[in-house]
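Next come two complexes, and both contain chain A; in the first it sits with chain B, in the second with chain C.
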Partner chain A sequence: MHYFTEHKWIQFAALFAVFFVLVMAIDPATGGNFWRLQETSFWLLPDVVNDGLKFLIDDWWVVETYDAELDLTEESTMMKEFTRGLSGVLLFSINLIRELLLGGVKTVVAFTSWDFISEHEWARIPALPWPAVAAGTFLLGHYLGGRNLAILAGTSTIYIAVFGQWTPAMQTLSFVLVTVPLSVFLGLTLGVIAFKNKTFESILAPLLNVAQSMPHFSYLIPVVVFFGIGDHAGAVSTIIFATPPMIRLTILGLKKVSPEVLEAGMMSGCNPRQLMFRVLIPTARHDILIGVNQVIMQCLAMAVIASFIGAKGLGYDLLVSLNMLKIGQALELGVSIVLIAVVLDKLSLAWANKQVDYFANLPFHLRNKYSLTFLGILIFTSVIAYVASMFFPDKANYLYFIHESQGLTTEKFWDFIVDWIITNTYHSVQSFNFFMTTSILMPMKEAYLSMPVAATLLLVAGTGYIVGGLRSALVVTAFIAFIALTPWWDRALITAYMTTFAVIISVIIGCSVGILCSRSPRATKVILLVCDTLQTFPSFVYLIPVIMLFGVSDLSVLIAVIVYATIPATRYTVEGLSKVPQTLQDAGSMSGVNRTQRLLKIELPLAFPHIMLGINQTVIFSLFMVIIGAFIGTDDLGQLIMLSLSEANGMGQGIVLGLCVAFIGLAVDHLIHTWAEQRKKVLGVA
Partner chain B sequence: MKFLNKLATAAAVSSLVLGATLAQADSKEPIVIPTHNWTSQITMAYVIGGIFESIGDNVSYVPADSQAVYESIRNGDVTISHEIWQSTFGKSFNNALDAGGIIDVGTHASATQEEWWYPAYVGELCPGLPSWEALNDCADLFATAGSGGKGRYLDGPMDWHGQETLDRIEALGMNFTAKFAGSSGALWAELESAAKDNRAVVVFNWSPNFTDAGTGGSFVEFPAYSDGCKKADGGDGKCGSPPAGWLKKAAYYQMPKKWPTAYKIFNNISFTKSDIGNMAALVDIDGMSHEEAAVKWLKDNEVTWKAWL
Partner chain C sequence: MSTPPQPVIKCESVYKIFGDNAVKMLEQSGGKIETAALLEAGCVIGVNNASFEVHKGEMLVIMGLSGSGKSTLLRCISRLIDTTAGDIFIDGEDLLAMNAKELINIRRNKMGMVFQSFALQPHKTVLENIAFPLEVKGISTTDSMDRAMEMVNLVELTGRENDFPHQLSGGQQQRVGIARSLAVEPDIWFLDEPFSALDPLIRKEMQDEFLRLQSVLNKTILFVTHDFDEALRLADRIAIMKDGVIVQIDTPANIVLNPATEYVAKFTREVPRERVLSCQNIMEKYDASAKVSDITVSTDAIIETVAEAVLTEQQPVAVTDDEGKIVGVLNSKTIIHVLFGEASSMPVNN
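== the complex of A and B ==
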């Protein structure tokens, strides 16, 4: 008995034995509630949620609004007026930046009216010539981070212009330039409040968990109903998606600030506000900057999804070109998205790390040399562009704006490569396809589908109890019981099967690659760059080639999922291994361990908690992509979420389905976190 | 009640507008036209936008999901929808009609067909096509790794008309399973890959579409459609899709009041099958951008659209 309580693996073995006995014992035909929970009033939940939201937007606190143009008094609600007002502000900011870059009339309209614009041709903001913008980014890069950053920023802008993607790229840029600062600001504010107020933190924590693990297209319809359709709606859904990591990292960073620093601040006589802005936030800046980096990545990762509800730009163009099977074009658009992400990330990092030079006392023209240079370039390029259009009025003006059809393109080359791969490897991959589908995936799916509710809940509760005691058992069982109560248990099992398979493969690949690359500092650098790139590169691009090779099948979905979910597994392995304290490594070397021993006996055990967090992220990423897999064609929860777009109670159904997906993720997240915390304490690396 | 009121207002307003000569000028606020993710729809959006602009109205375009767009029209965030396919978007559109705030602005001249379809070379692989019985006899040609020995029919996304497909396969006792693709892009990817390999496929397709051009293909012939033959309408389900489905237009219920002239034109607009085919071909085959294609179409077909003004 003592042996049993001491060794967790025996407990697990016993749990699994009971689980399998139950699976065998419960017969689908006669199992009743043990097999699948029967219909209860809980099935009405989607309708209730839907009606609740409808009530909120349509009938709650009705106010009258007057439409001057139509001379009509209409009924509206306070909620609607509020959300529409918010949308207006967002849209105005996006349009302002967009029109500074691309030209347009909407900003002027905001201060006048459409009638005014129609009567006065001149009342519009002219577009900046692209060389001016390129020079601007070059200067900004130089100002913030020196020569290398200047070259990176400048060439990226030139690439975008020369490849004829100016319009969509500037649309995306203007969108991101609004969502990123807003998300950072919101995240920082909420994070600071949560840091100061424990009650607020405990309310916020579960909301953050859900917001982070809920598939984003489950809340598209509610966003459309509440905020309308257009760039502002895309911005709202992007902010919901991008803010949680910022809040989390802010709280984490602030908590890490050591009491000595805080006391030093108080001794210098800081008031609470100074303490926050002059002491706490600057000290926590490392974690906060990781938060900013995550916000930028998430905002650009949303570019494609946001286009479903009206965001213009690279994401929408990418979707259209994929639908026309123009893979090369989609690839180029994807590269632009990655470039914008990388440049913004580096610029914001350089900006945050720039030291203020308090002692410089320079004359005006030196203090403002960057602004003055930019002004000069702006005038120069505008004059050139204007003169060129005067002399060659019929010719395309490459110095002002390069249209899509006039840009360079490597499309043909990429199409050729994809074509070549598909023609030449199709037959060899078919046997693999057949083997995987019939011998592994289909049996695995059947096995998952044969899991009775009662046995699964027992397995989950037992795992929770073994890992984290009674509290964990209750938490994870509640998550899974919620899914069992909905009509979608079978669908959830299919999601679980795909996620499990993808996680296993991703972890094997990711950890192996991570371990290999962590052996050399240069390889570490390269692999982290690859991870960053793949994380922002829109996953939609590789969905189509995968379909061409493997057809519309679970295998296609899984391959796409694995490509994406391997990223966190790799990243966290590399980071975990490189964080192992040098002193411990030296201690090992002194005791005479060789390289393999050092890896197996010292580095891996110490890095293990961190690697487990990577596996945790792999689960979240996999779930996320399995749901996106609905665009290839799946029969899991993702398909239902897509289906809910056309249902009458779509809002409620989408949200409840989204919660089901989120709860699978949260249950796994809870178990892994609890376990990793315990291990960290044991290892003394907390 | 509110919905009935809205409907009544809409009906009153539209009859007024259509009946009387126009007294009021169009609002200068932009008419919002949605763009989805397929060629003919996007080009047509710019064509219609061009027509509205020719009478001095302002237009703006917004990318939107083709199922979610009806909810936005109800709320007035989007003004019109100009390509509502019967079997693909019928459900979303009808849900929005029930909820109120959107008006049905009639159909295009073009009849549409939405049915099981195969590329031309498949006809040689399975002689006897296009009859569905012949298709059923060659079921094993269409088998895939995941179809469990049966033939596989690749349908569009489940939300288009998924249940009807399953009903039909069952009612006709076909040796087929349906697999639902997640997007139209997935359908085209599968078609392209199959064509490279000369592999037999049968997929969901519609006409007018870009597949009408080139080597083309044919629709499978199912037992003829009659009203009420579908399972959902109480029939036995042993029938195909309507041979001439509708392609509708819809508008925000305040459009007739706010943009009376544009609404009248929108009401008159009616594209034929060849119009739609030409618009798509300018982009898909001639490689123009959607905007350029729309400008060219408007220039080449002035007689057609000037008559609608």
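== the complex of A and C ==
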């Protein structure tokens, strides 16, 4: 008995034994509630959510509105007016920036009328010449991070322009330029409030947890209902999606400010406002800017996915070309997205790490040298563009604006490559696909689908109990029981099977690569750089090469998931191993262990908690990606979420499905975190 | 005799008790503080019944082991934390009765504080850090920069004013901290272990610097340290704390000569007495008929500085007061006693 309580692996073995006995014992035909929970009133939850939201929109707080144009008083609701107002503001801001970059008339029309525009040619906003934008990004890169960053940012812009993707790229950029400041503002405000008010923080914390484990798609559904379809709806879902990490990092940063700095501020006679804005926030600057970086990356990832609900830009074009299986075009678009992601990431990180400049004694022209240079370039490029347009009045003006049809393209080349790959590897890919599907994936899926609810819940509860005691058992069981109560248990099992498969492969690859790379400092650096870069790619982009090489199947989704989810596994392994204190390693060397022993006996056990956190990330990444994979075609929860998006009453269903996915993630997250914390305490590395 | 001048800081039975139960317990017992019961309820006692006064231009050093409540006491008097019970008066005004506005006001004009970890704002230059309290007050940028520059010169950091804190050494950073606390010309100066984070050589240098500043500025000072040597070097009076209680508050010499408890004695045991005691502490009665040496020493001369001179004389040396009147004599035997004798067998006068 003592042996049993002391050794967790025996407990697990016992648990699994009971689990398998239950799986055998419960017969699908006669198992009833033990096999699958029968329909209960819980199945009405989606409808309840639906009706609740409908009520909010259509009946709650009825107000009278007056339409000046029609001279009519109408009935409306507060919610409708609110969403209408918000949509208007968002759409106007996006259009304004968009037209500053690309030229246009909509913003002017908003203040005047179409007639005005057609009468006054001069009132159109001209597009910023692309060389001016390229120079601008070059200067910004130089200002924030020096020469290398300048070159990266400048050449990326030139690439996008030359390859004829200026329009969608600037559409995406304008979308990001509106959503990022709003998310940052919102996140900062909520973070500050949470920092000041403990009750608010404790309410916010679980919401943030759920929000950060909901798949991207689930954000789209309610937004469509409230805001309709278009750029503004995309912006709303993006803001909702990107704000949580900002809140988190704001709270974290503010909490990290040393109490003495705070007290020094108080003793300097700051009032509460001065204390917040002149002491706390500036001191937490670095963490807050890391938050800004996160927001930018999330906004960009979401900008791509928001194209499902009509946000224009690279994502939208990508979606269209993927739908039409124009792989070459998709690939080019993917490259542009990735370039924008990498540049924005590097720029914002450089901003976070940049020391504040000190100017006080400099003359005006030195203090403002970057703005002045940019102004000069702007005038110069505009003049050039204008002059060029005089010279080629009928032809394309390459110095001003390169239209999609005028840019260079490598489409043909890629299409050729894809064709070549398909014709030459068709048989091997097909047989690999066939082999994987019939001998591994299908049996695994069958096995998962044959898990009775009762056995699964027992397994989950038992695992929770062994890992973290009664509390953990209750928490994880509650998460999973929620799913069991919905009509989508089988779907969830499919999601679970795909995630499990992807996680297992990712962890094997990631840990091996990580361990190998951690053997040499150079390799460590390189692999971390690779992981950093890959992580900035919006997840959707990973689908492109996979479709290109493997076509549309479960397997290609899984491959995309594996590629994406291997990143955190690798990175955490490398980090964990390189963080093992040198003293412990030296102690090992002194007692005469060889390299392999040292790795197995000293480094791995110590790094293991950190590696587990990486595995946790792998699980979350996999889940997200499996859901996104629904775009290619799967039959799990993700597919249903995609379907709810286009259904008239799909809102409630979409939200509940999103919660199901989130709860799988949260259960795993809870288990791994609890375990890692305990383990760290035992090892004394917490 | 005229009425004694009002103390700048006056504490009366100040208590600070940490813990959620503290307030509840106090309410139940009708404001009466029973330490034993409080400890049992899981409260932590930070300051336990502290009463003392500090007068204008005086430096009181608060001294004690880690966790004895020094910082807590200082934070009570600067009202960074709320006092559980007792009264604190600053220039006769009830500190604890002040509202937020009055408190900000008194901090902006009367108080300055220096912190152990310097507590500089990392994103501000030296000059901006020093000017911060002035800008918070609403003084125009040029004026506050000028004033801050004066402070930079005062703490001898000229030429480094546009550096960022991370570019400075620990000692230099603390100079910035000192300059910042002095920028508003406060009357009261709080220093919480300002030199503890510095290595011994720099610490010594900073102490000298501090004494130089104080001789020019003559502030009322509360100085916290856990280093007894530092306390002896700087203090007019020392308050020794243990578990929140002030066990003894007295001049350095008296603390060395008459430690009130075993705890205090532990600090004083290692202290070289010749560095602390002055002539008046150990002189003997002057007998007009006895022969004295030609040289004289003053009453408040530290023994260490006169020992050699006294020992080389054949006759006892006369001790004179400020007016040159002989008030006592020093025997070489007494000096030898101070230098080499047992602490307990010391003949002392108070």
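Basically, the second predicted complex is superposed on the first by the 579 of 686 C-alpha atoms of A that agree within 3 Å, B and C clash if a C-alpha of one lies under 4 Å from a C-alpha of the other, contacts with A are read in each partner's own complex, and residues count from 1 in each chain.
By definition in this document, a contact is a pair of C-beta atoms (placed from the backbone, for glycine too) under 8 Å apart; a residue touches a chain by one contact, two chains touch by 3 or more.
From a predicted model like this one, the values you see are computed outputs, not experimental measurements.
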Contacts of A:355 with chain B and chain C, given as first, second, both or neither: second
For the overlaid complexes, name the partner, chain B or chain C, with more touching residues on chain A. B
For A:316 in the superposed arrangement: first (chain B), second (chain C), both or neither? first
Applying the document's definition of touch, where does A:271 land relative to chain B and chain C: first, second, both, or neither? second
If you stack the two complexes on chain A, which partner ends up touching A:263: first (chain B), second (chain C), both, or neither? second
Touching A:433 in the superposition: chain B (first), chain C (second), both, neither? first
Scan A:279 for contacts with chain B and chain C and give back first, second, both or neither. second
Dual-contact residues of chain A (chain B, chain C) none
As the complex stands, chain A meets chain C at residues 258, 260-261, 263-264, 266-271, 274, 278-279, 282-283, 285, 355-356, 358, 360-361
Over in the complex, which chain C residues touch chain A? Could you list them? 75, 78, 80, 100, 104-105, 107-109, 111-113, 115-125, 127, 132-133, 136-137, 145, 162, 164, 177, 180-181, 184, 190
For chain A, which residues are in contact with chain B within the complex? 69-70, 72, 75, 113-115, 117-118, 220-221, 224-225, 228-230, 307-312, 316, 319-320, 322-325, 404-405, 422-423, 426-427, 433-434, 436-438, 441-442, 543-545, 547-549, 551-555, 629-635, 639, 642-643, 645-648, 650
Contacts from chain B onto chain A in the complex sit at residues 2, 27-30, 34-35, 37-39, 42, 56, 58, 62-65, 67-69, 71-72, 75, 77-78, 89, 91-92, 95, 98-99, 144-146, 154, 157-159, 162, 179-186, 188-190, 192-193, 196-197, 254, 257-258, 284, 288-289, 292
